[in-house]
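Below you'll find the structures, each written out as structure tokens.
Two complexes are shown next, each including subunit A; its partner changes from subunit B in the first to subunit C in the second.
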Partner chain A sequence: MSIEIRNISKRFGAFQALNTINLDIQSGELVALLGPSGCGKTTLLRIIAGLETPDNGNIVFHGEDVSDRDVRDRNVGFVFQHYALFRHMTVFDNVAFGLRMKSKRERPSEKVIAEKVHELLNMVQLDWLADRYPEQLSGGQRQRIALARALAVEPKILLLDEPFGALDAKVRKELRRWLARLHEEINLTSVFVTHDQEEAMEVADRIVVMNKGVIQQIGSPGEVYEQPASDFVYHFLGDSNRLQVNGSEIMFRPHEVSISREALTGHQPAEVRDVRPLGATTRVTLRVTGQDELIEAEVIKDHDSLIGLHKGDALYFRPTIG
Partner chain B sequence: MSRRTSPVIPGFGLTLGYTIVYLSLLVLIPLGAMFVHAAQLTWDQFWGIITAPRVLAALRLSFGTAFASAVINSVIGVLLAWVLVRYTFPGRKIIDAMIDLPFALPTAVAGIALTALYAPAGLIGSLLQPLGIKIAFTPLGITLALVFVTLPFVVRTVQPVLADIPKEIEEAAACLGAKPLQVFRYVLLPAILPAWLTGFALAFARGVGEYGSVIFIAGNMPMKTEILPLLIMVKLDQYDYTGATAIGVMMLVVSFILLLGINLLQRRIEHP
Partner chain C sequence: MSTSNLPSLSAARRGSPWGRRILITATWIVFTLFLLLPLYIVLSEALKEGFGTFFSAIIEPDALSALKLTLIATGISLPLNVVFGVAAAWCVSKYEFRGKSILVTLIDLPFSVSPVIAGLVYVLLFGAQGLLGPWLQDHDIQIVFAVPGIVLATLFVTFPFVARELIPLMQEQGTQEEEAARLLGASGWQMFWHVTLPNIKWGLIYGVVLCNARAMGEFGAVSVVSGHIRGVTNTLPLHVEILYNEYNHVAAFSVASLLLALALLTLLFKQWSESRLTSQNSTRETH
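Right, the complex of A and B next:
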């Protein structure tokens, strides 16, 4: 189901959370709302869900204006950052909740509910935890249960608010890859909010970069990274260096740099301040005369110039762009 | 929650000893002395005292009004706690502080004020009189006084539990299609029920023993509006110490059985 967001504005007191947002999300797409905290991304997600009412504008699902429809009737699945599982219910009862709340006419029999719940628990690979209580589960498990619970009512749209925000780095990585695969399988129109550019790049079909209540750029991960529409997008989507050259300023990413132990043409001298192996790459922090801001260069770990390189050594570098 | 793990705070022996000494001095010895005193009676004498019609009427009245007021306060208390936790409005802090006033006010003052208001000539009583509703000097009045005195219990036990439930929980339920009543019944109620029962039990227990606020509004007509604590006072005035003790023992036993029942119920809810 497609989502159209038309001229949405929202104000909290004097704070303009969202300013005339327009956005089209295609059916089956996985879209990331990316931005720093306070940029309005969560507010937008909550407005799509119907948990928050906008001051202006409309939300249209598949050609149908749902702006006045209650959250109960929008048929969206919502996954919260802190899982929001029902503490006093078992995992099974949590997942079954949405089905059991249906009116008598629509409610499936307990047998059908049980089948459905086990099917979903199998899908999130946690069927063996059906009788546990949420507090006995790890963060990653809880979030997968929250997802199964949201999917139980067969929503047309899945909304996820910083779904991996409360998890540790390794689990987060695993879970987001898993989510991307799951999305491919069930192909549900999904929107997720994140402040982590890496997460957005890895999971989303399209990224919506937001700042201060305004959309900065909409595009595929490749587009927003390679052709940033503004300085803000450029800085937000990855580390960047600023170098003063003849009074003007050029910007480049840490990997867009060539380094050498010898003074090659076009290379300028710098002093090594730090050498950090990061795995496949190594990061060298450089100090350039004439500017306080340090330059970071990331090169493959087997780079010739790195052999025997120490803090305080001299090194020559050149941005490979511009 | 009942899992036994090694305690964070050491000194189990010391703290247990302290607890027992403390409990003994303040609770067990005075209550035990009451039983000892009552033991001067033979069983038949004891039974005779506690099954006297006047005592039984007072028993019914005391426990009945205490129960009714606890039920009323359970409903109002949860509502008040809900409003205080979930909404911000001007004067919220003041209302929050006012909740505890019934504890601070001398109960006699409360009783006299309520009597003045609800007596047939009083401000509210005179309005109700033409409608044929009598509050002061009836069990209704007793219940009213108890509702006033025991108001804080349910509010103060439920309030922190409600505040602890994140708003997201309700939102999650709403996203899953639960209607407001369903959210309350299936999501909030199970979470607050143990605290709610505690508040109920406290209000009920206090209501059974309440004296000061009730005697003014009750009218104290034997067989009709005479509460058990008053009956004990009456016996004491007549120097019938053993009779008073016998009633006290009976109240204690009945209260204990009821509170134990509530406690067991609570356990079952917390560990299904």
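Right, the complex of A and C next:
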């Protein structure tokens, strides 16, 4: 089901949370709303769900204006950053909740509900936890249960608010790959909010970069990274260096650099301040005469120039762009 | 180094063994003098002339009618205050609105105003010479010096207990579980019944118990609006006072020990709900 966001604005007192947002999300797409905290991304997600009412504008699901429709009638699945599992219910009852709340006419029998719940718990690979309470689970398990609960009512749209924000780094990585795979399988129109550019790049089909209540750029991960529409997008999507050359300033990413131990043409001298192996790449921090800001260069770990390189050595470098 | 620091730190917190012993002894002395001794006196005075006099004082018609009125006033004000309390706590903790802090202050008003003044307000409002007095008389409605006045006075003084207990609990729990329930298709009533109520259950019971204790024991406000009509508008505390003023000490203490028994029952229930509440909180905080 497609989502159209038309001229949405929202104020909280004097704070303009969203300013005339327009966005089209295609059916089956996985879209990331990316931006720093306070940029309005969560507010936008809550407006799509119906948890927040916009001051202006409309939300259209599959050609149908749902702006005046109540939360419970929008048929969206929602996953919260802090899970929001019902603490007094078992995992099974949590997942069954949405089905049991249906009106008598639509409610399936307990037997059908049990089948459906176990099917969902198997999908998130946690069927063995059905009788536990949320407080007995780890963060990653809780979030997968929250996802199973959201999917139980067969929503047409899945909204995720910083779904991995409260998890530690390793679980976060596992879970977001798992989510991307799951999305491929069930192909549900999904929108997720994140402040982590790596997460957005890894999972999303398209990224919507937001700042201060305004959309900065919409594009595929490749587009927003390679062709940033503004300085803000450029800086937000990755590390960057600033280098003063003949009074003008050029910006480049740490990997967009060529380094050498000898003075080659176009290369400028620098002093090595730090050498950090990061796995597949090694980061060299350089100091250039004439500017306080340090330059970071990332090269593959087998690079010839790295052999025997120490702090204090001289190194020559050249940005490979611009 | 760091391991030897730990015990010495807690030793510093404990202070010298002498100081500890003196404090604990002092606490026990105060407790015995001001709580245990009066309890003992109430019971011993009540049983001074044997169980026969004790029971006849309790099953005397005026005493039974006082007990009945106390239970009626408590029985009416308790459920009403549960509804008011939950509604007020819900408003304060789940919504943002203008004048919220004023509302929270007003909820505390019965705690800060003397109960006698609360009673007087009702007399001034509903009494024969009061603001609404003539109108009530025309319609033959009796509020002051009758059961409705006693219920109203009890309602007023016990209003804050449930709300006060629930507001911090509901604020801490936030609104996300309720939002999740709505998103999963629950109606407002289903959300309250299946999500909100189970989460506040023990806090609510604790508030109800406190409310109950106060409703049964309330003297000041009820005394002003009751009119002390024996067998009609006397509650248990008022009945005790009348008997005592008539130098009928044995009967006074017998009825007092009846009130005491109700209080102890309430206290046991409170202890139980409190332990459930803390165990619920501690399991939540360990994660």
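We adopt the following convention: the second predicted complex is superposed on the first by the 322 of 322 C-alpha atoms of A that agree within 3 Å, B and C clash if a C-alpha of one lies under 4 Å from a C-alpha of the other, contacts with A are read in each partner's own complex, and residues count from 1 in each chain.
Rule of thumb we're sticking to: a contact is a pair of C-beta atoms (placed from the backbone, for glycine too) under 8 Å apart; a residue touches a chain by one contact, two chains touch by 3 or more.
What you are looking at is a predicted structure, and each value in this text was computed from that prediction instead of being measured.
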Putting subunit B and subunit C onto subunit A via the overlay, clash or fit? clash
I'd like to know which partner A:Gly77 touches here: subunit B for first, subunit C for second, both or neither. both
Contact-wise, after the overlay, does A:Val153 reach subunit B, subunit C, both or neither (first, second, both, neither)? both
Considering only the touch criterion stated at the top, classify A:Arg242 as touching first (subunit B), second (subunit C), both, or neither. neither
First (subunit B), second (subunit C), both or neither: which does A:Gly98 touch? both
Classify the contacts of A:Arg87 with the two partner chains as first (subunit B alone), second (subunit C alone), both, or neither. both
A:Leu51 contacts which: subunit B (first), subunit C (second), both, neither? both
Where on subunit A do the contacts with subunit B and the contacts with subunit C coincide? 49, 51, 71-72, 76-78, 80, 82, 84-88, 97-98, 101-102, 149-150, 152-153
In the complex, subunit B touches subunit A at residues 166, 168-169, 171-179, 182, 186-187, 190-191
Contacts from subunit A onto subunit B in the complex sit at residues 49, 51, 71-72, 76-78, 80, 82, 84-89, 97-98, 100-102, 146, 149-150, 152-153
List of subunit C residues in touch with subunit A within their complex: 176-177, 179-187, 190, 194-195, 198-199, 283-284, 286-287
Given the complex with subunit C, which residues does subunit A contribute to the contact? 49, 51, 71-72, 76-78, 80, 82, 84-88, 97-98, 101-102, 135, 149-150, 152-153
